[in-house]
Amino acid sequence: MAAIITGNGPCFELALKMTVVAEKSRKPIREGLFAEDANGVSLIGGRCRECAEIVFPANPFCPRCCRETTEPVALSRRGVLYSFTVQRFKPPPPYRGPDPFVPYGVGLIELPEGLRITSVLKAEPDDLRVGMEMELVVEGFFEDEDGNEILGYKFRPVEER
Amino acid sequence: MAAIITGNGPCFELALKMTVVAEKSRKPIREGLFAEDANGVSLIGGRCRECAEIVFPANPFCPRCCRETTEPVALSRRGVLYSFTVQRFKPPPPYRGPDPFVPYGVGLIELPEGLRITSVLKAEPDDLRVGMEMELVVEGFFEDEDGNEILGYKFRPVEER
Amino acid sequence: MRDVYVIGVGLHPFGRFGDKDVIEIGREAVVAALEDSGVAWKDVESAYCGTVFAGPMAGNKVLARVGLTGLPIMNLENACASGGSALRLAFQDVASGFCDIALAFGFEKMPRGFIAGNPNDWFATMGMAVNPQYFALNARRHMADYGTTEDHLVRVSVKNHRNGALNPYAMYRKVMSYEEIANSTMVNDPLRLLMLCAPNEGGAAVVVASREAAKRYTTRLIRLASVVLKSPLYGTAEVPYIAVSSQVEAPSVTRTASEAAYEAAGIGPGDLDLVELQDTDSAAEIIYSEELGLCGRGEGARLLDDGATEIGGRLPVNPSGGLLSKGEPLGASALGQVAEVVWQLRGEAGARQVSDARVGLTHVYGALGNCAVSILQC
Amino acid sequence: MRDVYVIGVGLHPFGRFGDKDVIEIGREAVVAALEDSGVAWKDVESAYCGTVFAGPMAGNKVLARVGLTGLPIMNLENACASGGSALRLAFQDVASGFCDIALAFGFEKMPRGFIAGNPNDWFATMGMAVNPQYFALNARRHMADYGTTEDHLVRVSVKNHRNGALNPYAMYRKVMSYEEIANSTMVNDPLRLLMLCAPNEGGAAVVVASREAAKRYTTRLIRLASVVLKSPLYGTAEVPYIAVSSQVEAPSVTRTASEAAYEAAGIGPGDLDLVELQDTDSAAEIIYSEELGLCGRGEGARLLDDGATEIGGRLPVNPSGGLLSKGEPLGASALGQVAEVVWQLRGEAGARQVSDARVGLTHVYGALGNCAVSILQC
């Protein structure tokens, strides 16, 4: 059975086939952001029943139809780097990252569904170029007060295999 | 020589005849609110050179002429109680008063110059009535962090002598 | 200038709603007004939002959940008159021909407890600058000048709570007895807890339209005859204040704003069938009744004695229950009054219906003397 | 609708002013505009204030120090478009005949450092939601799409600092060399510190009037031909965002707002003699030049290569020095642009005067996609 790293979003019935298991030591930074099934971990968006528009994070409201017409959907794990930058200064709170501060990439990942997602990048800044293929990774961003590892998402360049 | 319990207001040359002496243990809650001369302590207002309008606290701006035309003036020590209430609950910060809270009177004092001043009252609530004569008292309101006694103003009913 | 009509009103109930998001409160009010009007969101051409505590760009955040249609959105903050300011601008957009359909909306989720004025630290530190103090000072002086009594103050609150018990959008939907009010905690003499309105949460929205546009949606044309916002003249005492001139006697801003509204509407106080006014406290209802010209100076308590201000009386005041029973979500309160007047003029006010209501007035007044008055007519 | 004219402008310098009171900053700007216009304060009939950080009722507090005349005062908060929103309303008051003379003013005393967006805690916690990130993402994509280079980004900043050195109201009145800018600290690649505008302090005010009223005060009639505020259409990427559709391609709000402003004014981009636009960063100047229709899509950098945007060029952009040299006090920045255009049209811009300037455009754009554009003409 798949490991579960997320629960349902608030006020939104997550329709994916998965089992909710409370796991103390690893927690998503926000419930409902991503989920793991037999094929691996995915970000969870919402797809409109009426117009096929995709939203992220999952949310019942379709901003194109202006009605609550979306249903949860696992998003593609791969996308294309639409643009990128490097965060060179430490963001103000509530940012939580390593101390001392370590610069990191931030990019827009264009998914084939027709959505660009802002994401932290897991890459050497010099390796980044617009148009390169990227893939999702879910990993720890920091530890919270109770010692839980807080999980967020990043995208990294797809490596040749 | 008169005891001095106030300095100049910011950006305002106080024209009263008086000497400024730093006195550590007793400080006015705001500089320039009141001063003492040979006749006793008075609140300091501003009187317009052009229209005789009175402002309190002293401030160069005459709100009637809409120009900086006022000069400092010692206000009457006596006035008439225009209205009053009793503060029955502890005001939110920055209020600083006795702990536990003690209710106190608040009133509007109409001065003969043509000004109504909101003031804490020093009186038994049951003794208050609209139209009674009141007189100024300057006294300690609380102690600050450095142990200074912080002085403010109150009005109390004039006693028969 | 063209005539302007109210074609839809909507409220989110006033009260306390736990950790419900203020943006959602606003959204529900907007959606309710749109549904009431029958107007599709994409046909609304401009939007004005009034709120004080909901944070930056709150109106944009609400409307992002209704739909991003590109319309101009302005966020207003004018204390208790925020909603009235939003209505004034929506009114003007339509009156001037800038557009045919405009939205005014407001919402709030206020901190609990009395609002602490803080004009200057030293003043608040000494124990002044607390709003109900000023209300009480006005009340006491009115009592001394005109013979208004504590009994009158109790009865204003009894009336408004009785009305509010009939209003599904009110915070306190419970009849309060004379004794409950007269024995409630003294807050600032002569004002007791149940004579003071509570800051709270809620939302309200109003859709206005030109005559031609309005006729596409309804046959019950309710004209927004005027909306006026005024700031005070020098010489009036506006909350909060440290001192006020008694050399200069200026008319109060409630008087100047209402006179301007009467003149712009071509409607006088004698034409009114109901009034929703800023009953921040019991005495305020009496004082503002006078300043709005509903009676002569000093005669506000007599209106009450005559039963005129009851729902069945000659000129019902606060048939909605007023702020005393609804509470006061700053950005929403003025638009909430407009919704009540519209329901009354449509004959949709249920158990609190004022019979034959054809003309109504709304009035809000707040910090630093901002005052908004509107007049509606069917 | 009547024609509207700008008859007075005034600025409090933009910069950092220690613990100087923000209300005083606003007052000085208002007084400067009144003096410039020759209008007596009591003759101003309505006032609109734009500010984000100055606290509740800030416009009323400023005007209480100018004089309590009873006029309606509205406080607007529309992020970077706050001042533009205030101008739109003052414009409409006069255009609609509601009044003859109106004031728009704005002021700010902003927290130091970059503004932290915070759409949702989790997103900021992960290290996104920082404004210059979005600017950098736009810049990088523009470079990839159209061949804009880091050299272009440096040269925009060189130009604007060179202009700003001639502007007594600018924060940075110093020519910056190519090397200083090209070697300044990298903030968000490709954007360096000296390619980003600084939030700061300042005030600005504009007096507008009907033609008849304007003629009483001046013979140099400068027409405010249009003022437009727009919010975004769905499908555009507005700061801050977590994700944006690439299925729906909507025109940017800068494009929709400027097209509406051109249409309302009956003036096209080809008629412009100068432009003051939102150069939050160097790339923004290039991108907005395209969205304002000053050139074709992807041709913004070519304008720079051709020298068109220099003060002596075909279409000077940000002759004031732009936000890059003035800094950005949110509530004041749009009105500061208007002041610059007015001085240019009057021929009063001194060493940075654009010769034969007869038509100018201002543009601000901010959080959640509020955009204001105005067009002035002499």
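We just call them A, B, C and D in the order they show up, numbering each chain from 1.
The working rule: a contact is a pair of C-beta atoms (placed from the backbone, for glycine too) under 8 Å apart; a residue touches a chain by one contact, two chains touch by 3 or more.
Every value quoted in this text rests on a predicted model; they were computed, and no experiment measured them.
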item: Distance in touch steps, counted as few as possible, from chain A out to chain B; value: 2
item: Chain pair, A-C or A-D, that carries the greater number of C-beta contacts; value: A-D
item: Cα-centroid distance, chain B relative to chain D, in whole angstrom; value: 45
item: Whole-Å gap between the CA centroids of chain C and chain D; value: 35
item: Where chain A touches two or more other chains, by residue; value: 63
item: Residues of chain C engaged with two or more neighbouring chains; value: 64, 67-68, 234
item: Residues of chain C touching chain D in the complex; value: 1, 52, 56-57, 60-61, 63-64, 67-79, 85, 88-89, 92-93, 95-98, 228-234, 253, 256, 367-370
item: Interface residues, chain B side, partner chain D - complex; value: 61, 63, 66
item: Contact footprint of chain C on chain B as seen in their complex; value: 29-30, 33, 45, 52-57, 63-64, 82-89, 91-97, 104, 106-108, 110, 114-120, 125, 130-131, 141, 152
item: List of chain C residues in touch with chain B within their complex; value: 113-114, 116, 118, 120-130, 133, 136-138, 140-141, 144, 185-191, 234-235, 237, 241-248
item: Of all residues in chain C, those that touch chain A in their complex; value: 41, 64-68
